[in-house]
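Some structures to go through are shown next.
Shared between the two complexes below is subunit A, which pairs with subunit B and subunit C, respectively.
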Partner chain A sequence: MTGKQKKRLWGALHTALILFAIFVMLVPIAWIFLAAFKSHVDVYQLKLFFTPTLENFATVFDDPYRLGEKLVNSTVVALVTVLIAIPIATLAAYSFSRFHLRGETVMLVIILATQFVPAVVIILPFFVMFRDVGLLDTRLGLILVNLAIVMPFAIWMIKGFVDGIPMETEEAAMVDGSSRVQVIRNIVLPMAAPGLLTAGIFCFIIAWNEFLFALILTNKDAVTLPIGLALFKGEEGDLWNLLSAAGIIIMAPMFVLALLIRKYFVQGMTMGAVR
Partner chain B sequence: MRDNTLKYLLVLPAVVVVFATAIWPLAEAFRLSFTVGRLNRPGSLDQYLGWENYAWAFFEEPAFWNSVWVTALYTVLTVALTTILALGLALLLAPGGRLRSGAQTLLILPFAMSPALIGVSFRFMFNPEFGLFDAFFGTVFPPLANVSWLADPTLAFAVVVMADVWGWIPFLTLVLIGGLASVPRDTIEAAQVDGASGWRVFRDVTLPQLGPVLAVVVILKSIFSLKTFDQVYMLTNGGPGTATQTLSHYIYFNGMKYGQIGYSASVAWLMVIPMIFLTYAYAKFVFRKG
Partner chain C sequence: MADIRLRNLTKRWGDFVGVDDQSLDVKDQEFLVLLGPSGCGKTTTMRMIAGLEEPTSGEIWIGDRMVNDDLPKDRDVAMVFQNYGLYPHMTIFDNIAYPLKVRGVAKSEIAPRVEKAAEQVELTEFLHRKPKAMSGGQRQRVALARAIVRTPQVFLMDEPLSNLDAKLRVTMRAELKHLSRALKITTVYVTHDQIEAMTLADRVAVMKNGVIQQLGTPDEIYNDPSNLFVAGFIGSPAMNLIDGSVREGMFVTTGGTRLVPVDTPDRGRAVLGVRADDMRIDEKGAGAIDVRIYAFENTGESTMLTVQWGRQRVIARGDRHLRKEQDDEVSITLDTAHLYLFDPETGNRIRS
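== the complex of A and B ==
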């Protein structure tokens, strides 16, 4: 075989492997998408061709499942979590980025470390406390504990963005008589806005997909979408067509959001350990 | 306001939130771990019994050691498999081009999927009657044709590992592609000009350069593997029996289903210990760059 032929063969092999990898990655997702449009008869067969129906989506929003309530809960909880976390994280990130604080490294390490604390450890004391103060099964309770997982990401991610904004503009404005607060409001915030939006979306996805806290803290009023999946375990086993429809409602919006911020996904998740 | 005051004021809210949502619960869980701590007995949360909960876990509870073993095996397998497969995929996709960057975009999707939903989808895929993967494995490897995956301890464990590997490969691949991009091209080209084979270039040039990123990947994945709960809960709920009961699931079950908050807090704290080492190792990499 000549060198050229060998190269071409390698190229073909690589392409085949890549296509196979894409296939394996997409099959479980695609299968849910198909199942969501199958009737309850078709879903229990390995069919690729069937008459699609929208019935499942109507059913999951109807009694007794009422997925709409869970959708509202998920949206409110994730959104409010983000709206609290991002401003607080932004102020801290600016300070960490621009000043030298006493104990700064210790603080940053602790913030980093809290991200790695198992959720199941955090939730035990919160469950006891919420039981005593009546915050079980409320959105407020869920928002408070969600801050635990979202804050460290938000601080680290936004600090990364602020680090990337050159300091010269700020210094020039200060020379012209602007106060630090004005500088933050008029210069830093507009320049960091895309970064803040990215961090916000990232945190929204995390809060939306959160499972363990919601499983333990909610049972009726504040149930979120991932917990709502358990509704579709009927007497005769799993109702796969309904589970799939609910699955789409959970994942499709996150797919859109994740694609919007895909360039920053790695940086966010690794808190800047990989750039 | 002087910057000197302002800089501390700016971090104050964040410090308060992190303290209230992470440090306090950690400390409170530590305290609870020394109490009788029964949810249904008021007052037992302040009834101290020393190290008894820890002793109970160590000496009286085979189920605890079972979950330690399950978690350890699960962590080793998922970290090794995800890292190796992600590295392979990253090497395939790194050169760029239409197909490859398209593939990279699609890789975001599994990672945006809720882990609980991944659990559900794999239970679906391995359903013995109409599961797609069940049918696939049965066709490719006939001895597996009539097995009920989630009813068999070993196979159920294998499915849980597969679901996790499937969910994490995409993200780790993206991290490693980022790492590969920072390996200097001219070093690779120089080695190629010198006549080094593809394998030699990979082993002697790419891999050492990739070292730090690989370390970050392994540490990060270890942390998340140790914590695993969502998929396990949705996929097998720890079963059959306790064959797939990870530590998080064991803690959840003892604390929430049996109401033994004190005991589960002690196990939870035992779980924090390896986390401290991993976090320390991870922090070193984060600050090395900054």
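== the complex of A and C ==
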């Protein structure tokens, strides 16, 4: 075999492997996508050709499922979580990055360590606490829980980006006449923007997909989409077509977000990683 | 326009002393260079003047104001950084305009001032670009323009040329000198490059271990060094320092050679300093001392002869047309008008 042939064989193998990986990852999604447009009768048959129907999407928004309410809950919870988390995390990350704080390393490790506590372990105290202060089954309660979950990620991620901004740039701005606040607003925020966006989206995804806490802490008013999925258990078994339709509704915003911010996301990821 | 006065300035980090109880006056409109090896405290001194570093003790005066407790923005200084410190997300125009914008200068006034500053550093055609699209030299020009767009009381420059390649450094050095003489603003300039110090400075402060070793004009620093460190640090090749003693008015090397007459009382140990340029090279037997050539180097503009002198090696500079070979013998005569004696214990100059 000549070198050229070898190279081509490698290339072909390469492509085949990638296609296989894509196939493995996309099959469940493809299945859901198909199921969402199938009627109840068709779901259990693995056929690719069927009469597509939008009926499932109408059904999930109707009584008794009322997915619309859950959609609003999920959106509000995830969005507000991000809007609160990112500014706070940015300030925290900036402080960790730029000032010599007493016990800095310990604090950073503790912040990260909260992530290692299994959610199931602390869910009961949360339940009791929330019951006592009346936060059970409220969006505010869920926002607080989600904040606790995403903040460590956000702080660590954004700190990486702030670390990547050369100190000299900030010092130049200070000598040029900026106060600390102006330095953050005019220099640090624009320079860290891809990082903030990345962190924001990351947090949004975590909050959007959060299941366990929402399952225990909500039951009617503040139920979110992932919990909503559990509703599609009928007397006649799992309603796969409805489940799939709801699944698509959960996934759709993620796809749109990923498309919109693809460029910044890669930039942000590499920047945070390399520096 | 203002002078800078440092009074007993000290900076300590734990046990490490960065700047040790130093006082220094920079005159109005003076170009003062802080020169020294890395870690000597020169940058720390400058950063304290800028307000980027807080002194452990001591006072910093700019003009008639003590600025110790002022934020950098309130000190009315402009600074040029080694890595330029440009704002990558802004265009060159916005970079230069930033000091004006943030200080609330009227919009109508900003554009003409930015254009004037850009013109002074020949950047006019690049104003719409981002720093990323500029070369190192151009970036340094942007940093300069950003400093001169306002008329600050003091310029601070932290090794501004050290990130440029050798050729560009020479060009930029001349531009910097031209600009500084035209602007007449008090300037403190930090560098470890003695050529920069010699060529740019009105006065040089040579620093080591947080202490100013000598403060003087480039001429004084080069021709009248006050101690061993300054003598060895300034000049390329470095000043030859020969160990020996003074006996009966003669400097005697440790090898026992009676080298030159010196006008100093006898002493057991002394170091004789002589620059490569202050040694005359003759054919064997025609000068004071015959020596063997250890290495002969031709740099094009001159020749360097490293000669074995007892147990020590000494470098002499010869004419550019001189041609010798290794192991040839030549004769060397020291110029007695330009010899320096030092006390090896204290490092201080022994003046007769």
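Just so it is clear, the second predicted complex is superposed on the first by the 240 of 275 C-alpha atoms of A that agree within 3 Å, B and C clash if a C-alpha of one lies under 4 Å from a C-alpha of the other, contacts with A are read in each partner's own complex, and residues count from 1 in each chain.
Definition applied: contacts are C-beta pairs under 8 Å (C-beta built on N, C-alpha and C of every residue); 3 or more make two chains touch, one makes a residue touch a chain.
From a predicted model like this one, the values you see are computed outputs, not experimental measurements.
Chemist: Would you mind checking whether subunit B and subunit C clash or fit side by side on subunit A after the superposition?
Modeler: On the shared subunit A, the partners fit.
Chemist: First (subunit B), second (subunit C), both or neither: which does A:121 touch?
Modeler: first
Chemist: Considering only the touch criterion stated at the top, classify A:99 as touching first (subunit B), second (subunit C), both, or neither.
Modeler: In the superposition, A:99 contacts subunit B only.
Chemist: Who does A:80 touch here: subunit B (first), subunit C (second), both, or neither?
Modeler: A:80 sits against neither subunit B nor subunit C.
Chemist: Could you figure out whether subunit B or subunit C reaches more residues of subunit A?
Modeler: More residues of subunit A are touched by B.
Chemist: What is the contact status of A:32 with respect to subunit B (first) and subunit C (second): first, second, both, or neither?
Modeler: In the superposition, A:32 contacts subunit B only.
Chemist: Once both structures sit on top of one another, what is the angle subunit B-subunit A-subunit C taken between CA centres, to the nearest 10 degrees?
Modeler: It is 100 degrees after superposition, to the nearest 10.
Chemist: So in the superposed three-chain picture, is A:175 touching just subunit B, just subunit C, both, or none of them (first/second/both/neither)?
Modeler: second
Chemist: Upon superposition of the two complexes, what minimum C-alpha distance (Å) separates subunit B from subunit C?
Modeler: Once the two complexes are overlaid, subunit B and subunit C approach no closer than 8 Å between C-alpha atoms.
Chemist: Quick check on my understanding: which residues of subunit A belong to both its subunit B contact set and its subunit C contact set?
Modeler: Overlap of subunit B and subunit C footprints on subunit A: residues 179.
Chemist: If you look only at subunit A, which of its residues touch subunit C in the complex?
Modeler: 166, 168-169, 171-179, 182, 186-187, 190-191
Chemist: Applying the document's contact rule, which stretches of subunit B touch subunit A when the two form their complex?
Modeler: Subunit B reaches subunit A through residues 1, 3, 6-8, 10-11, 13-15, 17-18, 21-26, 28-29, 32, 39, 45, 89, 92-93, 99-100, 103, 105-118, 120-125, 127, 129-130, 132, 135, 166, 169-171, 174-175, 178-179, 213, 216, 220, 223, 226-227, 229-230, 233-234, 248, 251-252, 255-256, 261, 264-265, 268-269, 271-272, 275-276, 278-279, 282-283, 285-287, 289-290.
Chemist: Note which residues of subunit A are touching subunit B in the complex, please.
Modeler: Against subunit B, the touching part of subunit A is residues 14-15, 17-19, 21-22, 24-29, 31-32, 35, 43-46, 85, 88-89, 91-92, 94-96, 98-99, 101, 105, 107-114, 116-129, 144-145, 147-148, 151-152, 155, 179-181, 205, 208-209, 211-212, 215-216, 225-226, 229, 238, 240, 243-244, 247, 250-251, 254-255, 257-259, 262, 265-266, 269-275.
Chemist: Hey, which residues of subunit C end up touching subunit A in the complex?
Modeler: Counting only subunit C, the residues touching subunit A are 50-52, 71-73, 75, 77-79, 81-89, 98-99, 102-103, 143, 146, 156.
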